[in-house]
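The structure under discussion appears below in the form of structure tokens.
In order of appearance the chains are A, B, C and D, and numbering begins at 1 in each one.
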């Protein structure tokens, strides 16, 4: 049995831990061979591989990034993409694939499996934690820890100068990082993409915080949006929600708060710092177990499935089902956090 | 409504986050008053209280320890203990208690509720993560992160000197911290209290690791025990399993490995470092939510219950049931990790 | 003897450690009284004080910020500012001042001492490490550690996506943070305010790094400037060098690199995260010793002096001399680091 | 020109940064070749080498340990040791050596240079910071940061339980780590090898701390010793000062404090955690500069010298002089810290 492994989409701490788990168990317990496909779907599309054996995975557990590279290549958008992948798998005698990725990567995996009969097991990956069907995805805990530590640091400088500090964190479509790090960091306002925010309400919270002689921290997800009336942005900075936007909602909001409350406001944009570097212990544990269970699914011939976390158990769910719906922040959960706002 | 809050047993990062959650929601949403009972059950036993209002809980979220103190006082072992507690609650016009603690503290809480009609809501707390009925307890993630970071550091010094490094972590009756940090840290051997270990097997793993030109890291829970044949300990160091034992299993094991393999071995005992200091983001999130849900249970009059984590939900379970059984490491989970040993 | 203490200018980890050192030694060894002047020079200007005794400084050593607040108030710009300060000191029976601050705060201190006969001892404070007369200032080491950790994290995400990552760090007039963190983080390009940079040279380094199959990290001080030919900025983003500028040089440079090399580039702006939170061990040590030596200078009646670090010794230098010249990065030192560029 | 590089003695964060600095500058600026000698003096003694070029040093800056291994081999104690080294250097066409190590390694280097005419440049390395002639050695700052973080964590658990916590840190002959981390961590007692301690005085400090309603943290260097009257140790645990001694002074002291004050005391022994893992930013900076200046000394033919830090400058001093005297804690500096004891 020869198994191909690929990682697609954005960087996420824990990718290497998944790869190591797959290879260690696959080689040692099942006697499998592995090939690493380089840069996501580009690898099987172009037949670009690298050695992936026990020595190759030594020491990679604590390292961020992915030793086999990643990309956003979508083979469905390439002419004869599917045929080329099938030919390359055949030529390289690869019997099955483990695809580690987010919505896009797994969406391709689901179609390759369902429509073209390629044997694939999926491993969910999104720093934003917005895949349904799994309680958590690896990388998320690391991002939340990094954002929380930043918020911790911002508190003291906010207090010393009695300024508003706005911290923009990742989360284009779901506010999980903002909500978790905001709550863990003791932020006074948390704004998420799931609910358009009212700048006047934000300013009221900011003002009430100052009245209690404390300085406010506002955590805002990069995808959070003000209500319609506030959308007249002359510089168009909210138009292009690239992943690290420096003229993004954080900066815009700081300016609005300054304008409306007369208080100084400053912005920090954490950007890629949140998705690089060594994974937290939780993410290493989760990613390692995802790897072990993914190769077990291959051994069981249980293709078209994705591993997922439910409570403390790793389970298997159909890939297609898992990616069908974005997991956004539940309004009740967001309301629960509201007790700390202002 | 006036609610008493107490924290019992060993220190655990997140206790202050629970207290803050209870008080913020209780005061702001329900208009309750609070009293802090000092030093666990000693507080209500002796009527020793402290102010617990919004200003008292400001800034405590990121701090380890507990602002209301803790102890291992067991009122059931004091003459007229129950009567004195009931009298003090009545005198101080306290209508309900929130008891934050582990097996012992909650065991008392269950009996005070069931047998003596005191209105109590429980919040589970154990650094060891060994309470059944909840997926995780706060403090555990922090301890695992600290132990993992220590193991990360031990790797390089092990490699540079080709030595065995033994890292003793907490866990008297359950090996959760050892298993999680061992897996997350890439340890080569993980020994837990649930399975007596075979020193010869450990030495075989150690030797095989050296043969692969790598230096082994052995993570051992403080409560792990060798098999019977190995128990002849002349200095009796395994007899007294105090929580930070310096002549404990770690030191003993390092000596045995040196004796049997001829390789140098060194021990690190992390001790209380694992249970102090600022909580991880996960633990702040979990502890805060436990606090919010505990005071909600009080509001609902749902006494005799303990809050618990199931997946991503906070649920309520009977206190008595929750403490009935120690949650130990599942043999299947331990076996799953075995692929990384040696 | 009653001594007033004030902290002026921007936030800096270690301010509280200085205050604690002053008060502990002053009270315990010399029997002095202290008053804390709130918010820098605003305190003595308006006679606004707070209690500053042993209990007030308990537990503040590891905390960022300053318990007595800070501001950029300049009493020389207030009508009768000097007279009001002298009156308030007299009214509050304050015999001497310890002023902790940067160029501006100490500049005022020097004039109050030299021209108006107020007894002042200075403690240097600048996150940017740009005060001559002292080898290091506290806060700098913390900022460098935070920036270095961020650069560490950016490496893996740069490698995984083969992108350029630009990290903008503090340093308006001096490139110390950029140079130290860039070297410590293994950056491939470090740009500092002391030398205008050539974007084509930066692009050449970036390209050569990619040719070696690695992804480049560019560290740029917020005050770094391109050479004249590159200054035609249509959006004017380099005009207003506010301390956390989101349309600053980092973002501008990333866009230029993209445009000229065709490679994707992303920016992270660390902002206030660098100057908040708990100080590093070095900064706690340095700040504590500055505090101990400042109060010793008061005891010796050695006014008009500032404490400074020379090697491992704390010495005293005239305040006026110390602030006369900005300490910028030596061209030789910058050239030394050049071996790692590209 | 071909240059050999070796690292001797105990592990120290920053070794790889030195090696990288040497190789990057040596290859890129001077066109030198390098050979890595494995495991300290064992390498040239046995002619055991490894490749050491630009690719070999990629990515090693943030890693603890040493990629070329280390040992305590002393060629002066091997028959014909010197002759064998000279023969191997000749055979491998190595023109000069850079020896990175502590007192022992550099002591050998001095003799090989002075008595046997081998061209050697030294780089000082000691985690304990006890080499005279240099203000600081790399690795020390990392160790102090790790110990300080541990002390920070111990504070909260000490306060919550009103216990004494004893933290044993490295330092066999010099108390630098204990003094710096004790001061930075806000310890209440710091005990160093340079001054025998009086257990009754320690107990008096402990008791006075409890009277102020705080719990004491005692930091003790592994080489600290009680005064003679206290030396009757029935278990002989103070006799063998191995580097991680679990029946060491920390445990002994905790027991004595318990016995004499009646207060609970617990011990943490940080051990090898202090010398492994990624270096702090300061240590990466210092180690990198040591490397750059060491190869510059080779280029200048300035042999028999060691690089050293003086203030912010890297200077060269005779190796023999540098290792002649142990740099211990100055009594005045220790007395200065005494204001925080008790």
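One rule holds for everything that comes next: contacts are C-beta pairs under 8 Å (C-beta built on N, C-alpha and C of every residue); 3 or more make two chains touch, one makes a residue touch a chain.
Predicted, not measured: the structure shown is a model, and the values here were computed from it.
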Neighbouring chains shared between chain C and chain D, ordered by label: none
Chain located farthest away, centre of chain C as origin (C-alpha): B
Gap in Å, rounded to a whole number, between the CA centres of chain C and chain A: 34
Euclidean distance of C-alpha centroids - chain A vs chain D, Å: 40
For chain A paired with chain B, centre-to-centre distance based on mean C-alpha positions, whole Å: 30
For chain A, residues that touch 2 or more chains besides their own: 152
Contact set on chain A toward chain C in their complex: 10-11, 13, 15, 63-66, 69-71, 146, 149-150, 152-162, 165, 243-244, 246-248, 250-251, 266-273, 275-277
Interface residues, chain D side, partner chain C - complex: 24-25, 28-29, 58-59, 61-62, 135-136, 141, 144-145, 147-148, 152, 180-181, 183-186, 214, 278, 280-282, 284-285, 288-289, 292, 310-312, 336, 339-340
